[in-house]
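Letters are used for the chains, namely A, B, C and D, taken in the order the chains are written, and counting of residues starts over at 1 for each.
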Amino acid sequence: MGIKTREDYLASLKALRPNVYKFGELIEDVTTHPATKRVVESHALNFDAANDPEFEDLYTTTSKLTGERILRWNSLMQSQQDLIFNMKLKRQNYRRTGSCAGAVCVGWNAQSVMWAITHDMDAEFGTDYHERLKNWILGVQEKGLTVAGALTDAKGDRSLPPSQQADLDSNIRVTEIRDDGIVIRGAKLMIAGSAAANEIFLLPGSVYREPDQDFAVSCVIPRDIKGLTIVEASRPGDRRDLEEPAGMEVPNSGPTQGWLLLDDVFVPNERVFMCKEFKYTGNVITYFTANYRACIGGCFTVQGHVMIGSSILTARANGLSAKTFMGKLTDMSVKNQVTFGMGAGAIALGYKHPSGSYFADSITAHTNKVMVATLPYEVKRLTQEIGGGIVETGCMPSYKDFSHPEYGPLIQKYLKAGACSPESRFKAARLSEWLTIGGGVPGCMHGGGSPDGAKMVVKASTPMEEYVGYAKKLMNITEEIVDPPKKK
Amino acid sequence: MGIKTREDYLASLKALRPNVYKFGELIEDVTTHPATKRVVESHALNFDAANDPEFEDLYTTTSKLTGERILRWNSLMQSQQDLIFNMKLKRQNYRRTGSCAGAVCVGWNAQSVMWAITHDMDAEFGTDYHERLKNWILGVQEKGLTVAGALTDAKGDRSLPPSQQADLDSNIRVTEIRDDGIVIRGAKLMIAGSAAANEIFLLPGSVYREPDQDFAVSCVIPRDIKGLTIVEASRPGDRRDLEEPAGMEVPNSGPTQGWLLLDDVFVPNERVFMCKEFKYTGNVITYFTANYRACIGGCFTVQGHVMIGSSILTARANGLSAKTFMGKLTDMSVKNQVTFGMGAGAIALGYKHPSGSYFADSITAHTNKVMVATLPYEVKRLTQEIGGGIVETGCMPSYKDFSHPEYGPLIQKYLKAGACSPESRFKAARLSEWLTIGGGVPGCMHGGGSPDGAKMVVKASTPMEEYVGYAKKLMNITEEIVDPPKKK
Amino acid sequence: MGIKTREDYLASLKALRPNVYKFGELIEDVTTHPATKRVVESHALNFDAANDPEFEDLYTTTSKLTGERILRWNSLMQSQQDLIFNMKLKRQNYRRTGSCAGAVCVGWNAQSVMWAITHDMDAEFGTDYHERLKNWILGVQEKGLTVAGALTDAKGDRSLPPSQQADLDSNIRVTEIRDDGIVIRGAKLMIAGSAAANEIFLLPGSVYREPDQDFAVSCVIPRDIKGLTIVEASRPGDRRDLEEPAGMEVPNSGPTQGWLLLDDVFVPNERVFMCKEFKYTGNVITYFTANYRACIGGCFTVQGHVMIGSSILTARANGLSAKTFMGKLTDMSVKNQVTFGMGAGAIALGYKHPSGSYFADSITAHTNKVMVATLPYEVKRLTQEIGGGIVETGCMPSYKDFSHPEYGPLIQKYLKAGACSPESRFKAARLSEWLTIGGGVPGCMHGGGSPDGAKMVVKASTPMEEYVGYAKKLMNITEEIVDPPKKK
Amino acid sequence: MGIKTREDYLASLKALRPNVYKFGELIEDVTTHPATKRVVESHALNFDAANDPEFEDLYTTTSKLTGERILRWNSLMQSQQDLIFNMKLKRQNYRRTGSCAGAVCVGWNAQSVMWAITHDMDAEFGTDYHERLKNWILGVQEKGLTVAGALTDAKGDRSLPPSQQADLDSNIRVTEIRDDGIVIRGAKLMIAGSAAANEIFLLPGSVYREPDQDFAVSCVIPRDIKGLTIVEASRPGDRRDLEEPAGMEVPNSGPTQGWLLLDDVFVPNERVFMCKEFKYTGNVITYFTANYRACIGGCFTVQGHVMIGSSILTARANGLSAKTFMGKLTDMSVKNQVTFGMGAGAIALGYKHPSGSYFADSITAHTNKVMVATLPYEVKRLTQEIGGGIVETGCMPSYKDFSHPEYGPLIQKYLKAGACSPESRFKAARLSEWLTIGGGVPGCMHGGGSPDGAKMVVKASTPMEEYVGYAKKLMNITEEIVDPPKKK
């Protein structure tokens, strides 16, 4: 069995039942429809890399289960180096696609998280989830699949737990347990890369208590499973994806997010890895966010690198030397490196779970999430500052106008600024726009959870009273000093 | 003669020759075409306000020339209060439109700038520009017109002055002087509100020296003048403007920028206010930027107010209390108020020109521009933080999907979060998106010039050696201390 | 009656009863003791300026009460220009002293505040406070005094109102009302410039309700009044003030704060301007903070100017060109100008009280306070960055070592960096240190109240629901959308 | 041979020749003189920890050379874990001392740097430096010494290389090579912990070329070597160190920096590890800064922790609940963790040198330096914000006043705020002051080199053209686009 190729991958997607919609229409073939072909291309590039001698060490690895050569995103992460490779794969990926490729990311992480969780659940409950998961992983490794991951539920009224929602479907739940499997319903929202995935790994979306045990469910479903409808989300710039010729207004790669609508979907037992064991949902979130928020630096660092490249390009296309902006470009580089360095630090400070899975240090990973919700915005701002008005507010006509037979030549005449062709200037400006205010903007803020959530973890992880102890000792203060009592 | 109404205004636009294009097509009627009707509506709202007893004191004033009641944006600004009213009119405008309405802004400012410049040029050269301008102003006041303003040329190779460009058309220039007028050609780019303007006020785009005297030209042209083609610029989200029903994905108002392509346009003498007097181009830029960058706070303060409103709305629509975000909302309010307060400060520290025009303090105005290029980005970031994922990366399906007969109800079901209808949540999220990453983003960064340019003014306005003197005096240092000589 | 001179001023201080202590000792003469002579010098420079033709227009004005020429800091502020002059006087002052001169600042402000408050109290209660205040002002104008102002009480347990404190002295209060005056006791803390003041203007330290009416007191006391003990506060660098020769380690001017300990002080009726009228304490705080926080920009702008000067000086003394740091110096200038511009803006947006007093716009003034608690810190950081290690952490020996007969010459030898004498380099480095981490650091953070207090005013002044209305109108959202009800 | 104790350490310092001066006087015993006893105590605490079962695993390790148990700061760093332990030792150290202890830091780092450099020099030049170094290390390990490290020269005119200085002593240089050793002269400035060191490790202060080969010197000297005079530097707050009773105004531990004046110091060959091999000075700087700037996070993270503790303490001592400031405290925790996490990341991304030494990743380490020059300033600002006025500007009398027999009780009365004794409030406020504006402020900005230097490394390490390549590929731009040629 060899490493799958782009062609294998595209064929596997074409073979799926069409169940993805956008702009009110069913997409017959996600690999060719302009609304989804970019995200598919973003993933196909991973198969190219896996078959490229230059990148194969990064994009493939040896299965810890079989010793076979497998796609790296189908492998278990059991060491610092495995997690560093996760960061580096994302980094390499963003370099070539300009943005996010969700189906070689969240599902990969989910696999190692559930590897640990199933290990612990089996020990406590005598279940066989770990073996099920292992068997599923073996299959995925053999078939060389892309697997999206899905956490976020619709949630409904956020002040109420799932079991008290007016609409119980607001969170994915088990509605029926059969001998051979379970039936689930509900929705998972904003699922990155779902249109480009072969399968989708579902995790519980939050920490649940006993009354909400029906919502404690983890399983994997094929993307075209019966009962699943996917509606692609829409962002301001995405109608540009529909323009012809492709590649003028936006790159030929890029991210998408989908809404997964599950209408009584039957999942056979061998694909179910948690069913009502609510007690372990806390650890699912803890392990998942630690690794996800550590490795997220791989993404934002390198989208920042592309912004540096795009900024130099627009500067030159505007007729200016990149040296003019060297201070800003260096600041961008500093801001970029923070999230990558912090990610590596969270990994270096991490620990190994008894199951073999390796998890990053929590407080460092969550601090990194806060940085990711801040620094890329500053890098974008600098990209717009360097790029000039034609980058910032779309102060440039469309490519339809650029290529208009009558006045198009005038647009081009006035786009000429010395250093390159009008077309290159047009494209460079559109790239900076796409990266900062267009379709290439990934979810720095809320992807993988909100910074306020991360801050809550930082707060909980900060031993404030221990720090008070240091201060007291330094000044030899011995009396007890506590918060004043609440006044009535 | 009474104050013109929305109907008068729309009729005046309909009467113009169609010469505005977008997406490769001629727009027959800018008042109804979806690509331009929003910017027209943004301006029409000004006529409504001018005829509304609640706002008439703000939107109308007494002509200093005739004593007649006129539209305020057709009035000369000759006092602190006049400039404060400019800020307040923009502020009120943004409240109702959510963004920029260029044709009641730049042309208004240009009029007072040229009032001073023509006064000074006439004194030096014995020309009659001031009288021409006065007559034109009288006409505009009587007719109650909207007037866009145009500074930015195509520029070409930025390291070369206009007269050394390979293509002399890279900057607007006088190609012929006739007895009855002048012929000009070239282009003005990124001109806000041009599609909604009756006329366009041209100013020189930079400071010119003698060899570039052909480029020192100021005049006013009707929007549909012979030889003028306007191509509307395109931004990521603007194809949403074309969607039906209108008002779901984006507001019914909003900004546009156009490229003005001038192909040997004849301008009669009575509309020409500068022709080759290169020596005064420096003051045009100085006066214009001082007032523009002082008053710009009126815009960004209140777009920030709308972002506060939209943030509260999305929070509630997400099922959360606005109180949860009170710290962030207060920070937004602080950041908003800086640009308004600084603007008022620049005005308070300003001065009156012998012609009567009042100009804001330069260093304060340019400092304000630097703030405007920074703080609104932070307010947007907070808007996305409060709004959650459905605001940030367009993680919400299109309205076509929302209203799809089959799966639309499911989209709506999962959008339900307790506090309001799914439709309101959809709209609120789209508004925050439009304000932060969509079509409502105005040009904080480069509108009215770049922050680096503003910093150059700040640097030049900072008496560094005087400050060295304070330091030396404080420590009683008497020896001369200068920069080391350059080493060879 | 002419404008008083430095000599008059020093004589007036020498005539006072010694009641100022520091480091455990009574200061016999504040004008010569090294712990207080710098703050006295900071004030004496104001008398110099008032008698200097170059500055007399700024430092003196015409009394609105008598038409006589008076010291400006003894005048009522009744217009925009009066307040702008307040900013400009502080600015000029900081230029020559490097820091704060409290006794020509808070008392001046207090006078105009109480001018309005007494006007309103008299109208409601039929009291004669306004006339008393007027008479006192007439005396001060004639005598040309310096007047510190005192708001901050010791406070005790901050969660309890004054009347419920275990120690009622925690806030200044009226303990006895006699026919001819009142007796007060308590303490006012951190009172800037008290050692250099002829008199001290007491204001209530907070907003009080009826049970706390004993604490609603405003009056003026001579600095050496019977029962008053002043203890000077100590900051890290202030022992350098005691070194000889003076002027090497620190400038010869500079700020101090004192603790005023009032032990049953009798204040005659003609000096009492509020006694138990608790209802007006809210307006005292409102008026005082608006003007104080507007004008505070005059201080921090120009201390930033001195930091620019000191930074250029240290750069050159280090052997580097100031041009190396031009980007940072320009950033410093931008940050400096914000607080001045905002202050002017708060004034421009202000209003006139029926009594004649002019007050700045509240939200803008409080926003300015938030800026003042942030931006000067960044300017200091840049000062340390430019100055190098000898500025940052005191990595330079003392002047005692610099001038040591044996190894002093070696210190000087190794301080030589090309551009100036070792002594000038020593002094320049010490100045930057003094400004950023030494005795010259004024109270950006808590002076005039804390930024969190200012944010509370900003929050209260932000019409959040009005802003929600703008957002709803833009998207044509008509349903009512409110915060979710609190869950039980 | 056992691990040395505090007593051993203090005895070893007492045995040294007195050659340390401050405030113009010779310090006879650095272990008891108030100007130096704090920095000695900071180091003595390390010996305590090394003999404390709770900390011995951190503070001691097994010698890679002998297998003996040694003090960790005398060990070679040859793995990720070794460097992580460096960070953790510093972190633990700062917790107990509040600031920097230089003689268990820079010398430790220098040893591993020169381990690699001597390895490479020997290979190229056939020298025996590595063996010399090894022997010296063996001695240090056996004797359990503290070793400061010294890089920064006086420099003189920074625009000239050492060999062209007017005064050749501006940089440490070899003036004579004898059979048995070398003679050096010059000065090393701002050397942390020199007064508490047994020995001092000298490294070249910059990258030198052939004409400057005399300045390429590395060796170790005893702190009391003949010809060496040390003058302690002075910072604003350090005269508080001299106050009695100790421990009221400042902690009993704390940092110092010294100027080392070398007047023809003879260093025997066995202590010389580089002599004129200028070619390797580049790598000395590269290796040293990478490890130093990676591990620096250990320091600033935990000084930030102490600031959190001190902030909570002051809040409570002020009578407020720490909860009031939870948002700020969490922000502080986030900012703290960045530098620690980035440091661990730089280590995780590092590499092993053929000699065995392990070095951190350069771009990440230098990015960390930029963070260290920024974030601690924000943490300090927040500490002052939380602490209130008595923390910010020293608005509190001295302890001499606090304990004054007459008015001291009044000071204490008015310091009472409910939660603790006046003395504890006094001490807590002084601690926050000491940490933010007093003697405990370490050199975040310039310690270990300036952030501008770090940015130059980041710039040089950023493959800008590679990033341009990504951008071009994304938009399929194939033409070459370069900077415009310089105009003449």
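Heads up, the rule we're going with is that a contact is a pair of C-beta atoms (placed from the backbone, for glycine too) under 8 Å apart; a residue touches a chain by one contact, two chains touch by 3 or more.
Since this is a predicted model, take the numbers as computed values, not measurements.
Taking the mean Cα position of each chain as its centre, C sits at the greatest distance from chain A.
Look at where the CA atoms of chain B average out and do the same for chain C: the two points lie 40 Å apart. Distance from the chain A centre to the chain C centre is 52 Å, each centre being the mean of its Cα atoms. Counting partner chains per residue, chain C has residues 157, 159, 319-320, 418, 484 touching two or more of them. Taken as a contact graph, the chains are fully connected, with every chain touching every other chain.
On the chain D side of its complex with chain A, the touching residues are 80, 84, 95-98, 247, 251-253, 305-306, 308-310, 312-313, 316-317, 319-323, 326, 329-331, 333-334, 337-338, 340-349, 361, 363-364, 367-368, 370-371, 418-421, 424, 427-428, 430-431, 455, 458-459, 461-462, 464, 466-477, 479, 481-484. By the touch criterion stated above, chain B contacts chain D in their complex at residues 157, 159-160, 327, 484, 487.
If you check the complex, the residues on chain C that touch chain D are 21-24, 152, 154-159, 167, 169-170, 187, 189-190, 229, 231-240, 257, 259, 261, 263, 318-320, 373-374, 377, 381, 384-385, 388-390, 392-398, 400-401, 403-404, 407, 410-411, 413-418, 433-434, 437-439, 441-447, 450-452.
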